[in-house]
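So that you can tell them apart, the chains are marked A, B, C, D, E and F in the order they are listed, and the count of residues begins at 1 in each.
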């Protein structure tokens, strides 16, 4: 039983060092991305930033808790897959908690570093406002992309007078991404929506909304349609954990009852296999409201499935 | 984007005053119902009473926690709907915690006030014993009604020697409602049942029991049958939160594994649209056993969907 | 209403004595099993042992918490069933927390005592390593049996160099049971698996793996196949609570997202009716990670359904 | 090392039977007190009643949680002391949760049974309203007694119009005890008070109030004064756990910051040694608001120290 | 018993309306402070802002939780005191969560409104960055004042490059208050400090630091010195709840073990009686990390004691 | 303000890498201790082992949680002190959870590595059974030492028949240390004891027991006596977190009410300054029972104070 020895070795390393890179992959010093990421197809990053939160803050701690939980999400298959894909942990993007513009610069820079090295960024937020600079970096390199957006909310709100100051809060990043042309027209796929949407914007940008009722009728047929619509376009995946029902993911800042089950969420990410995935994030995990690390463990599992989908099934990538 | 401004205004009011009427609707002084409820189609009320509880007490605090959580259940659509239906918060019925007979008098009086003003009561309990005086008020005004009763238990127990004293505990209100003729024969619809029932009583009153296995086969077809059976009879809806599985609603006093998912619960209440709803309650929320306000948020969502169903889809009501 | 009086009597006994035998059945002194278990068809036992745990320990407290929760899992039907089946609580097997070999001797001895008295053991663990001595006792008396194993993991790992010392940890009991010939070839049925498996072992012993995706397509058709494959072979049932999704069963040591719902878990155990069940366990409940006793209550419910399945539907047993 | 073997034996019994009589003492069937309590100097009882609660209910579950925690409060000395004093567990008084008058009758009857057998009742409530029937039973047998009352509140409120129904709520038992002459004039000693008091009543009955500021200046000198004032009068001790600061005892229904530390609470009960104690209770433990069983463990410790004080130091009793 | 009726009336109002102004005092519409605050000596305000937090965010919810807990902090004495001082609840200052400069303007404006009406502001934060605009408003009206600052930290850090953007984070407000001349030289009294301090700044502004070791030697003598040093200067009190040990106040964002007990904290605020208090705040309460509302209840108690100290003992004010 | 920049740099590193060496000190690969520890005076180690636990297990996770909490225990002074003392994090000792003998070998080996490099080990357990191999390594190198042992229990139990198997459980390490001559006669100082002790053993080995009542009379005078008795003997410090009251340290496996306050615990460790400390541990932290990381943060603080005491005040060390 070869793999069992591997798992032992893995557990040994974990116990030996007490550190928690995602899934126990090698952790690298990302100050020089070109050399740090050499040969990697996957770079895991955390963005401990929650300055864009409107309701319950605290997602800044998600990179730490998801790293720790990720250790318990690995099995022999996963270890094989991760090493096959040359995954490394590039650490966190040091986003200042109270400076949204600095966060955006740093994140865009970090993601650019990953993409330049020919790798795909797999990110744990932070709140959802981090996805705007990620998409900016992606579009700058690859042009407008397809986006699979799993969420309870469309995140296409307008800048809020009341919320004040910097307009790019966590309820609006997809609006900006559309308006800045980061997403190809007709290639924003929003899945799991159940808290209303902006009809005008949806029409104008030909956004595809698959609300929770459609998901409930079957993840597979739904995702076949999504995959068919996307084809071989480069695709970015952004997963707001509040797409999942709060029973399965209580640790989040704007919970919305009536969401995905964990099984549907996993099936959904698995069904991304075959797409040309260029990066993925899981955002809005809020450890302080979690119980028994349910949400962090699910987030790690989704990330793992995303990495597994990268290049699967034909493995070209 | 008109609605966004509305939401801002709404959030502003919430932050400005720090008070928590349900869903942020206007709160009125209900000492003179006729004027307080003038023009309202919906009156929200709390009944902080748990003197009828057999297992875990604490539902007396539900009106406070559901009010607070309700703020996070609203979206632009909801705000429109609530103002379209002229919803107001009439405060709590001051039911003394240790006097079941006083509770019954006060609740019957308060519900009568709402009905007299031509509005529909939407109530947060309290334990399930509060539904008896509600149904008494309803039947006094409208005659025997149809009742849609969503619950894990039939709540048709007999008075308990052991539980002692006042016989009207939270496991028995539907028995009394049947025996007092408050419900039209054949028009008690009990949905989600999974803890046994009294076969003789069921036969005698032609009660319709749709147990959890039937719900599992599809909420829509089930509810079509229920709606067909009820037709345009005036209908009262009583939702015991323990109908929902404790994974989705841990904050309740007599949890029963194997229940509704939150998605089924929401679909179920939504499918009430088209019925002639005269009132609704959500009972048995127990904040001290909740986690991350899951249960209170779900209760607020169900209440909101119930208000949305009022008069929908043809909007005559 | 005869049964209501019974429930009252039952609650009275519970309140009167403040003790918590499982489901309120009579508790007996099992030092002389032959007389203690005379006439019983079901003997409930706890095994407060977690010395085989690799991740989160604490399952040693499950027998206490499941006993307490079991009081709230009973209803009139259940009381009838339990007394009809002559259920008694034989207490706990005093397994020393740090001596795996002593645990195995004591458990094998205790189970032998139950079987010798002609009764079926219904056990609450403890971690999953307790099932090896249970199966040894069962096979010693009945020869190789069929095993229905509900779990997220196959529990067929190899002895771990790293985990050290005694090789029989909680991730391996089914491997040993296969290798020791305790299970009839082709009669290990593993249901709910989602964390990888050992292909060589599976082939060698003709293990039937029904992974979570198969369960998701319907518990009933799946279980019809399982029942058909087993026929009238004596069958032991081992239910690792981590088969259930952590949203429904957060109190467990190696949670795995994407599992059974509570409704599927209950349906699965119910569908065992008609098999010739010779014993059952529910293991890996970890009270310290539970919330609002969700997991303990579900474990008690599964145990109760297992007892109900015993001899059902034709009641010969 | 003789005692270590004893502890082993004790732990063995606990693990063996999975039942939880207080401190692992023998549990007896109290339906015939005269024979059940024969030879016992201490009878432990639970009163699972919280029908008198004004704020957070749930103390009905304290007898179960304190019994379980009590197992971890014993050490070798304690085991010796308990067996030396012939302690037995008489189970719970089956007080119906919604019938205050039935509760009072049953409690008075149960306590009379203990006193008639020549033993001292050591009681876990329940809310504080249970102390009135206890004191009635005590006074009926022994005449007006001295009472040491440790609490944040004086519990001498008047019957509340608003709280309604039965007037004997948990904020008033000491008023009734004074007015019914159950306490000798000048012999009510209220310790730890910090939420106001009724000056007229205090004067009229010559109540001694030692507020929290006096306790803070030293438990020993304070208790010397109390002991001197009481002398050899028969003395009943009633300990409301909310006397302790909520940091040390979060599991209670009417918490009041600024209270006793656990060390002061223990010292206070220990300093009762030398008094002629005729009974004691610990009330208002509310498990649902507890964390890590802190409050239940402290309650068990205080009860244990109370038993230790019984008859100490001269051991006449 | 007059007061008992008052409490009943009070509880009745609370139950009747289900709203939670602080301590149940009248809530007023503060858009026109001059008329809203007419006759009031105390105006209670919430500032739901945590945009200045460096570690755990979430203090934005404190005004809601402290209002709710405050209901349980009142007794008859308190009710008398509050009405004697004409306390009203002015609601929350609607500080946008992501706009520090807007927060500062709004808070300064709101506090100015209170002071202009001749009343004293009693504020619940929010994080500690809210105290800078409060002190600006105070100093603008009254000139440099004395400040009693109870905290684990001196909050005199420099602007942080790393934390970025707006320099006024929650670790620095007292530095700015000193540098802007809002505090009279030698009249900043920092009590409970235990996390280091800036020696140069302390010397330059003649700051008085009474570290936790000095507090431990007795609150009374310490506060006598503080009172003597302040004399009849107008005095503002700012209480960071993390001054208290996390055992007594777990719900805070930058906990520091080894702090004040709740008894010392209460004694400390009580000992402010005799000073000429012009306002007070309690900040850094973080409900999501609280347990059983310990921290919110303590915060409410401290606020209540602060109001009691206003004008006491000679009642001139 | 130089130090502020340092703190920023520190926070930056933490956020940048998302890893959690204790206090953010450099983490080194300890496979070759001689070079890894070169120049270090302090080596921090974790021992994730709880195989010796009798009551609540789970201390195996303490090294992870204390590392994470330690980040929030540092301030500018601490950073200076840690770098002044050349502290490094040597990772965890990979002790197999179910093999006590392997644990003892590995721990003795690891501690020997630290001592050989001329550094002092600062260890986070794990349960208290890890202290035996630590003391073996220490005594092998330095001969019998003085031991300052802070604990609620003396941990001098005899091997338990019942607990079975390996005799070295967490209630007995000090007995073995005495019997194996690892501690100089008369130089075991046990502080905070409150759960009974073995009088014969105490006499035989001239153990000094300072029970909790002596601590309560003042930490300083007590520790002066201890320091005087020890003089300049090499001294090892073992701190069982259950010495602290469970209100301050709820996350532990065998809580004992009536313990040290956090302030006393910190004062106690601080007062070790001047002793010739050769190593220290903090054991029995159990994260699963903690709340808001209180216990982990206190453990980190105690460790930090221990490092500060190393060599202080005269700094020779």
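Following the convention adopted for this analysis, a contact is a pair of C-beta atoms (placed from the backbone, for glycine too) under 8 Å apart; a residue touches a chain by one contact, two chains touch by 3 or more.
It should be emphasised that the depicted structure is a prediction, and the values quoted were computed from it without experimental measurement.
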From chain B, the most remote chain by mean C-alpha position: F
Option in A-E, C-D or A-C whose residue-number contact pairs overlap E-F by over half: A-C
Inter-chain centre distance, chain A versus chain B - centres from mean C-alpha coordinates, in Å: 38
Mean-CA-position distance for chain E and chain C (Å): 56
Overlap residues in chain A, where contacts from two or more other chains coincide: 12, 94, 162-163, 245, 247, 261, 289, 291
Arrangement of touching chains [line / ring / star / complete / other]: other
Chain-chain contacts as defined at top: A-B, A-C, A-E, A-F, B-C, B-D, B-E, C-D, C-F, D-E, D-F, E-F
Touching residues (chain side chain D, partner chain C) in the complex: 12, 15-21, 27, 46, 48, 63-64, 67-68, 89, 91-92, 94-95
Interface residues, chain C side, partner chain A - complex: 55, 157-158, 160-163, 195-196, 198, 200, 212, 216, 245-247, 250-251, 254-255, 257-259, 261, 289-291
Complex contact set, residues of chain D against chain B: 50-54, 56-58, 60-61, 94, 96-102, 162-166, 169, 288-289
Chain C residues touching chain B - in the complex, by the definition given at the top: 1, 4-5, 8-9, 11-12, 72, 75-77, 245, 247-248, 261-263, 265-266, 291-294, 297-298, 301
